[in-house]
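Please read the structure below before turning to the comments.
Chain naming follows the written order as A, B and C, and within any one chain the residues start at number 1.
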Amino acid sequence: MLLDVRDLHVEFRTRDGITHAVNGVDYAVDAGETLAVLGESGSGKSVTAQAVMGILDTPPGRITAGRILFRGQDLLTLKEQERRRIRGAGMAMIFQDALSALNPVLSVGDQLGEMFVVHRGMSRKDARARAVELMDRVRIPAAAQRVRDYPHQFSGGMRQRIMIAMALSLEPALIIADEPTTALDVTVQAQVMDLLAELQREYRMGLILITHDLGVVADVADRIVVMYAGKIVESAPVHDLYKAPAHPYTRGLLDSVPRLDRKGRELYAIRGIPPNLTRIPPGCSFHPRCPMAQDVCRTDEPPLYAVSDGRGSACHFWRECLHGPDH
Amino acid sequence: MGRYVVRRLLQMIPVFIGATLLIFLMVNVMGDPVAGLCGERACDPATAAQLEKEFGLDKPLWQQYLTYMGKVFTGDFGTAFNGQPVTELMATAFPVTVRLTVVAIFFEIVIGVTLGVVTGLRRGRPVDSGVLLATLVVISVPTFVTGLLLQLLLGIRWQWISPSVRYGTLDELIVPGLVLASVSLAYVTRLTRTSIAENKRSDYVRTAIAKGLPRRRVTTRHLLRNSLIPVVTFIGTDIGALMGGAIVTERIFNIHGVGYQLYQGILRQNTQTVVGFVTVLVLVFLVANLLVDLLYAVLDPRIRYA
Amino acid sequence: MPEQPHQPEGAIAGTGMGGAMDLGASEAVTLERAPGGPPGTGPAGRPRSLWSDAWRDLRRNPVFLLSALVILFLVFISLWPSAIASGSPLTCDLAKSQDGPGPGAPFGYDGQGCNVYTRTVYGARASVTVGLCATLGVALLGSVLGGLAGYFGGTWDSLLSRLTDIFFAIPVVLGGLVLLSVVTSNTVWPVVGFMVLLGWPQISRIARGAVITAKQNDYVQAARALGASDSRILLRHIAPNAVAPVIVVATIALGTYIALEATLSYLGVGLKPPSVSWGIDISAASPYIRNAPHALLWPAGALALTVLAFIMLGDAVRDALDPKLR
């Protein structure tokens, strides 16, 4: 296994108390595999990724329990120096908003070349040449000239390509893409996503794709985990999940996507609001919003039931949900 | 860029005229310009009338202003109370004050920025709270009190320095420069601290960490470069303010610079000294501001002047 | 008075990626960055506002409480100085010149043989009066001029901007020396008048910026679309939002005005004897600094403490009103 996250817990100390952002997450990614992590804001999907990358703001953040195994080695036991070497070279991250994620006062060539200077000890001249190659690789026109430009001089799609080039520069084994296309125009989204998928196949990288967009997931992901209130509520091969969700929350997410074949009907919306992470409801954290909730859901926290081989659901009534009638 | 400079230079003209006219009016309306011309004694009416005619003081004020400015542009700043041309006073006074300002700016950069970076990186820790409190105290104690205290302690009690400046050399100006810089230094510290603390949480710093860069490189190359942009502009605009604000410091340490000459000019109600010096100070202020704006474009590639 | 950090002219290019940002958020699931509860409610679920939040913060802030206490004490002794100091600050006995502490004079005597304690207590009145009146005047004049210019824009706005530029180009202490050197009045009013005259551009700039920001809010546009009058929009919708930055800057400025009054009095152009002011006392004591430093240190300490109290108060208010800094 390339990456194996086990029982990860992360909390934040805030003015209003302790925020339980991640409460026992398990997931794994293999080389060449794409894992989609789906969830609303505040579901803990980005915090988990930041913990894996080692870029969590500590304080206020704190990893209270769990292990993060990368190529069999627990990253949480490593010294900062050793972790730093893995960042960028072993695993890399693509952020949502490339405009703010790239340094506004350095040219893109400097920012790309920096990877080679720091990790590979290259001269600035060689690093600059590699930067041009990379920009070519992500299909930025006239790369040799544009290497001197600053991030604000590129369009949104081009900037995200630069972000991708930066993540790929040292050919890491794992890429974490945090909402890589959310900030882009719809037309550009597909291009960027295709490029990312293509490069992933070519380099046989593991890819963790964090998103709230079910449309993006269907095309590129192998497996999918759905997060809610810092926990995984459903984990499944992507096609199984789309065919028949085994958790009411997943079902709600799928139903709230507008679809052409349901044109004219009222769009479904999950009732209620995401839970306050300083005070997560007891029992199943989704119960206040769940259309199927019973008394047991208010008291007993559901484990991740094995639905089938390679598939799990954290719902007491996963059977009913899986086979249940369309509400 | 060229067009922008031209536009800014054009914008400077009304500000320059306004500021000098304002001072010209203040000095003339408030004081009796003739009184200063007869030295220590009061003028007798006949001499006064003759002097008024000689200096064109019987004409309307706006005409006097135009005549004066016309002369200024040919390099004639008039005569000081002791009969010396004002330009001669300037030639001795400005080098001293410029040296004093350079010392002050040096302290702002070295002490202010360093403290700001250290505290900005350790926000909320004891160092931070301590320095923050110290800056508040420094801002709160008026410059003349800071100056008198340092003079008392360093100059009189411990005799490390001479309590008054004799030649205006750089080593004599260290403590006066520190006094002149004190309030701005505290502001630079606070500004740098805020800027660093804000940028520390920015996305591009997170990216730099995710790239696996060493902490030192993240700080110097990514964090500092961005955070210092507002600091540089503050220090730039402060140059003019320091030169004009040197009156108090120069008085305490008996430095014969711009502030001293201005103070003398005001006491003796010598219009030409005061207006002349202020004119030059306003020019320095405006040019410094223009340079700061241009520097801003160099530091931040996002700024484009058109 | 310190300048605000300089904002150069010229547009920041490339930050307005508007269209691309909106599309992503129009999904069924909304995006929100920070983990935590829904915004807009406190831990107890009650509604929050900027002011009640700020007040809740301030009540718990020891810096605020301490500086407020000092300021209350200062106001008290400037109203009733005789409550804690006996005798008149003007009764001096040259025989006691530069004497150390004695009965009824815990701080000793100055060069003129005046009771330093009594003079220091009585000196508070000048500082507090000048500080409060100048701040009030500056805040009123500055926010009215700046607010109107920001709201209506156009010619008046550019004219006002140039005018503030002119005032900013004149060093404050220098302006004070020139204007006040010929004033013979013994009251605080010329000093206050001078501060209002040279201080308003600082507030006007802040108020103008705040009004322009508030003006662009959707609810203001909505009020306008519904036909609200200019005066109603300004008073009901914009003023409440623009007043916070003005209050913050004005509170900090209050401290600097007190320092400025003392500086001008030290230079001999602010208040003049027989007025009682810390600046005058410091100035009078500086020739005797070698033998009687106490005559300088007590008024200087009182002055520094006063300015510190106002600046810390302003700082605490700013922190409370500016959630970005948390």
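Quick note on the criterion: a contact is a pair of C-beta atoms (placed from the backbone, for glycine too) under 8 Å apart; a residue touches a chain by one contact, two chains touch by 3 or more.
All figures in this text were calculated on a predicted structure; none of them were measured in a lab.
Trainee: Among the chains, which one keeps its Cα centre farthest from the Cα centre of chain A?
Mentor: B
Trainee: Which one of the chains is closest to the middle, using the mean of its C-alpha atoms?
Mentor: Centroid comparison flags C as closest.
Trainee: From the C-alpha centre of chain B to that of chain C, how far is it in Å?
Mentor: 22
Trainee: What whole-number Å value describes the gap between the mean CA coordinates of chain A and chain B?
Mentor: Each chain reduced to its C-alpha mean, chain A and chain B end up 53 Å apart.
Trainee: Where the CA atoms of chain A average out and where those of chain C average out, how many Å apart are those spots?
Mentor: The separation of the two C-alpha centroids amounts to 48 Å.
Trainee: For chain B, give me the residues that contact two or more of the other chains.
Mentor: Only 302 qualify.
Trainee: Residues of chain A that touch two or more other chains: which are they?
Mentor: In chain A, the residues touching two or more other chains are 152.
Trainee: Would you please write down the residue numbers of chain C that are in contact with two or more other chains?
Mentor: Answer for chain C, listing residues that touch two or more other chains: 13-15.
Trainee: Going by the contact rule at the top, pick out the chain A residues touching chain B in the complex.
Mentor: Spelled out, the residues of chain A in touch with chain B are 53, 55, 57, 84-89, 92-93, 95, 97, 100-106, 114-115, 118-119, 150, 152, 166.
Trainee: Using the touch definition up top, name the residues of chain B that touch chain C in the complex.
Mentor: Residues 4, 8, 11, 14-16, 18-19, 22-23, 26-27, 30-31, 136-137, 139-145, 148-149, 151-152, 156, 183-184, 187, 191, 194, 230, 233-234, 236-238, 240-241, 243-245, 247-248, 251, 262-263, 266-267, 269, 274, 278, 281-282, 285-286, 289, 292-293, 296-297, 302-306 of chain B touch chain C in their complex.
Trainee: What residues on chain B touch chain A, complex-wise?
Mentor: 201-204, 206-214, 217, 221-222, 225-226, 229, 299-302
Trainee: Name, in rising order, each residue of chain C that touches chain B in their complex.
Mentor: Residues of chain C touching chain B: 2-3, 5-6, 8-15, 162-163, 165-166, 169-175, 177-179, 181-183, 255, 259-260, 262-263, 266-267, 282, 286, 289-290, 293, 296, 300, 303-305, 307-308, 311-312, 315, 325.
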